[in-house]
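To keep things simple, chains are lettered A, B, C and D as they appear, and every chain counts its residues starting from 1.
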Amino acid sequence: MADYNTMELMIVTGARELKSGASVAVGTGAPCAAAMLAQKTHASDLLIIFEAGGIDPQLPEMPISVGDSRTIWKACQATSMTDTMELFCRGMVDYTFLGGAQIDMYGNLNSTRIGPDHQKPKVRFPGSGGANDFGSFCWNMMVMTPQDSKRFAEKCDYITTPGYLEGGDSRDKSGLAKGSGPYRVITNMAVMDFEPKSKRMRIKSINPGYSEKDVRDNCGFELLAHKQIAETHHPTKKELTVLREEVDPYRYVIGR
Amino acid sequence: MADYNTMELMIVTGARELKSGASVAVGTGAPCAAAMLAQKTHASDLLIIFEAGGIDPQLPEMPISVGDSRTIWKACQATSMTDTMELFCRGMVDYTFLGGAQIDMYGNLNSTRIGPDHQKPKVRFPGSGGANDFGSFCWNMMVMTPQDSKRFAEKCDYITTPGYLEGGDSRDKSGLAKGSGPYRVITNMAVMDFEPKSKRMRIKSINPGYSEKDVRDNCGFELLAHKQIAETHHPTKKELTVLREEVDPYRYVIGR
Amino acid sequence: MDVIDEGVGRLFTDPDADNARAHFKTKSRALTNKLMSLKDAVAKYVHDGEYLAIGGFGANRTPIAACHEIVRQKKKNMAFAGHTSTHDFQVLCAGKVFNKLDIAYIVGLEARGLSSNARKYMQSGEVEVSEWTNYCLSARLKAAAMGISFVPIRNVMGTDTFKFSGAKIIECPFTGQKYAAMPALWPDVSVIHVHEADMYGNCRIRDITVSDLDLAKASKHLIITCERLIPNEEIRREPTLTLIPFFCVDAVCEVPYGAYPGVMAYEYFSDEEHIREWLTVEKDPEAFKEFLDKNIYNVESHFDYIRLHGGMEKMLALRDKELMTTGNGNNG
Amino acid sequence: MDVIDEGVGRLFTDPDADNARAHFKTKSRALTNKLMSLKDAVAKYVHDGEYLAIGGFGANRTPIAACHEIVRQKKKNMAFAGHTSTHDFQVLCAGKVFNKLDIAYIVGLEARGLSSNARKYMQSGEVEVSEWTNYCLSARLKAAAMGISFVPIRNVMGTDTFKFSGAKIIECPFTGQKYAAMPALWPDVSVIHVHEADMYGNCRIRDITVSDLDLAKASKHLIITCERLIPNEEIRREPTLTLIPFFCVDAVCEVPYGAYPGVMAYEYFSDEEHIREWLTVEKDPEAFKEFLDKNIYNVESHFDYIRLHGGMEKMLALRDKELMTTGNGNNG
């Protein structure tokens, strides 16, 4: 078994979900690392999109902002945010990664506030940014996040970004794009997907070193589970080498 | 009295309506000649817009098409038709010139068909093109046309482009942009404007060589008239010189 | 939704945004070589009965070579976007390619006059029409580009252009103002002519863009014809110049002078003499039949067509005319 | 119009299209010299209580010099578009310039962390907020650019982002699909930083354009800051490069390094060291007060600010970093 840390495992796990010939819209940090890793390993034809307008750059290093000049480095196109958002709207974006202060069993995300008073919140976060847009339109929205029972909440204080809303067919009925929605939740402990009918989060695989009990203890709601819970695959040596030497040589994201 | 033909008079009359610091959207032919003449005489700061995307060109000659390359010759911008149409929509276009196979007393225009059967018309014309858009949004829509009693019709076979619709406040009530609408009708015989309340066409001035009777005999509906009908001003020597030597040296529009 | 009024014109395409998304889900995002001959591209992507749109503005940066190829391959029963359509319309009418038509501007060639053959076809009753305006069709493409089933605009209200359109009148939920709702238009296939493209379909246009950027996004399949192929490295050197990105594109065809006899900004001016020939010969049906055989049906390629009308010497002369220079072209 | 549901967020601007048209009717279309100092431009066009928007993307091609000037002139009680707003938001919060806020992205500086002072201000209850998303605000500007009072889009439905917005849910008249109607946003004044402009306001941007092209159209008044002035002849040599035309613009201010300490594509990279200083010093209110005096209130111009942080040597180093070259800058 190779020696690696949790962040490395999450990035590798995220990268493996990205298919060649598909498109992914990424933010800074781990999502960007996952996309870069996928492109440099199994998915050379992965189209990377930055919401601010960078299309298919040859990233020389990790961007600090989804709109900084690295996102158009030797890119195929430097366009507008309106343009990239229209890509989402037309169904041209297959994957994305989001995060948040809270996530519930239907994959709804809170990145706006903690506390009940909207005009005077206890804790104010950045808000949607592009997250609600990504979550509304992307075919397969993924969440990459550390897991604990406060973050994995019975009920979000505020739903910034739609998951499956109240589950079942509530997302389709809301008017959001048909067939889109949460796809994977990748944590330090496990990988979850969503049960097709109820749209509730369920355990798909558990990361090496963690038990089902760990996963359930660190979740504020009841998780469903696949009949057969697998063990999350270890990163390969090649994946780790590419991640460490080509994607994040200064270990900004994967840590020291 | 200078020696000039009717087309020259119409172009000069149209040009005089165009103010410096204003904007005009023009087609090919006489409208373009009028705008060029205005720009080269009293209205050096007239902004000329071509609907296909040409913004403020330094026209080296008359364009053949509102989208040909002359319309972007040394222009300030070569943009899209969507962009120029948005200029109309936002209220950034002051003047335009239109024509048509028929015009009625409210300035409604037909450039679509003659005959009752829409799917199998007796005579098919090009249709709206940008005309309905121009007529819907331009603050001051002008018509430059030869006058006869068939063309100046009691009722258009088909209203392609809105004038004041059924007169009175019917245009405002229709949903079209407030304060926009027909402004002048410039013919070989006279110049008309629109009575503010009824929005009916009325004689403002009569061209040299024509009588009020000529104007009325060559109109298929009853024209209102200003209390004092003026004589349309003659072109000045300077206007004629610029028109003939700089605007249309090959006499494409003003004829031989 | 309260619909206050609606036009009688039929919609020739489905405005449903989820159905369009289902198509775009299947479109490749891979950076693959899309080079093919124009002949193959038309055979592969232009199908009888489907909805066709043509980029440019009538005889300006219009893919006339592609229009000829569509006629040559005898495509039929198509629906067509008659949007700022002039010489392209004339060519497609010569082949009776379409019998369903969204009209903004047809039949005319602006200052050049009217096409008698196109007019005859439009007066024959063979073509089912819906009426729109230039901006209506631009807005319908914009809605499609935005992935929405309609966009509200403020023209056509109160006119027969509305009455014979497929638009509907609604009210703004914020102001109560009336708007004409324009249904999204997702063409099955479009052709756009550009100055430069790489083999993946990244395109540069040194000209007005008319509605082509929205058209590229709205089209389910897109054929690009280009004056010149350029390497992908050149695209990546200056990504701000890319106006159509590769993933909108299905086929890239290198067709120099592909807009001839129309104008291509900064490249060549229109061949007014030959366009006049089109307008004249149309008036005599027998002569027009011969003309079409000679210029379209019996030629192999756009180069053959150009050879019939002066070849490279003519192209140089048209370049001089476009640039207002005096080179070999004016002596050739 | 049936409104199915509506958010509780207040609209800080009037979405009425006719009222906007009445303003744009009065805007000059003349090609006049609009050059002035940034100080004069802010004094003339940025007014207490009005609605402000800032171009670029947070710390990318963002007119930070203008943000400093707005704070320096102690503008207050404004409404602000917190649209992809990061370091600009941090600067404006330092001056408490606004107390009404349309939020898409605020408080954070992306990968760099959060502004503790901005967060404090947002948790104080002093700011009235409406919630949106990046695309909501882009779409609201698009509607304004299109001269329409609303545009239908398909996000936010079912979430609290909708509930605390000023959007309304309607149905498509063609498909019955639900849409979130976004009200047009016409800012009273905006500032956009560009690479090159002429004295009339024709602008070139060699970068992603974010929402700036729609913002330029939507703004009732527009201040341009530019890295370089270029002659009008150069604009006319290549009109396809003009992204903002002169008649959208009210003031042109030549402000080299006007996006510092943010990044300007192909010109200079961001000064991460100094941005970190901002994030750190904010945590100590006393130190932050001194910092603001030193960096904003007691400086005359953006050049003075740059001199405080390394001057031309730093600018050369940031240029090297941006271009990934090794010139004098890395040795300076």
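In the analysis below, contacts are C-beta pairs under 8 Å (C-beta built on N, C-alpha and C of every residue); 3 or more make two chains touch, one makes a residue touch a chain.
Fair warning: this is a prediction, and the values are worked out from it, not measured in the lab.
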{"item": "Chain labels contacting chain A and also chain C", "value": "D"}
{"item": "Contact-graph separation of chain A and chain B, given in steps at minimum", "value": "2"}
{"item": "Pair of chains joined by more contacts [C-beta pairs], B-C or B-D", "value": "B-C"}
{"item": "Chain C and chain D: spacing of chain centres that average the CA atoms, whole Å", "value": "37"}
{"item": "Where chain B and chain D are represented by their mean Cα positions, the distance between them in whole Å", "value": "40"}
{"item": "For chain A paired with chain D, centre-to-centre distance based on mean C-alpha positions, whole Å", "value": "28"}
{"item": "For chain B, residues that touch 2 or more chains besides their own", "value": "72, 78-79, 88-89, 137, 177"}
{"item": "Where chain D touches two or more other chains at once, by residue number", "value": "17-18, 146-148, 153-154, 177, 179, 207, 240"}
{"item": "Pairwise touch network: line, ring, star, complete, or other", "value": "other"}
{"item": "All chain pairs that touch each other", "value": "A-C, A-D, B-C, B-D, C-D"}
{"item": "Chain C-touching residues of chain A, taken from the complex the two chains share", "value": "20-23, 45, 47, 55-58, 72, 74-79, 86, 88-92, 94, 137, 139, 177-179"}
{"item": "Complex contact set, residues of chain D against chain B", "value": "17-18, 20-25, 27-32, 144-148, 200, 202, 217, 232, 235-237, 239-240, 242, 245-247"}
{"item": "Complex contact set, residues of chain D against chain A", "value": "56-60, 82, 84, 86, 103-108, 110-112, 114, 119, 122-125, 127-129, 131-136, 138-139, 142, 153-161, 164, 169, 177-180, 207-214, 263-266, 269-270, 272, 322, 324"}
{"item": "Chain A residues within the chain D interface of the complex", "value": "27-29, 51-54, 60, 62-69, 71-72, 78-82, 85, 88-89, 108, 112, 117-133, 136-137, 158-162, 165, 170-171, 174-177"}
{"item": "Chain C partner contacts - residues on chain D that touch it in the complex", "value": "1-3, 6, 11, 15-18, 146-154, 168, 170-177, 179, 181, 183, 205-207, 240"}
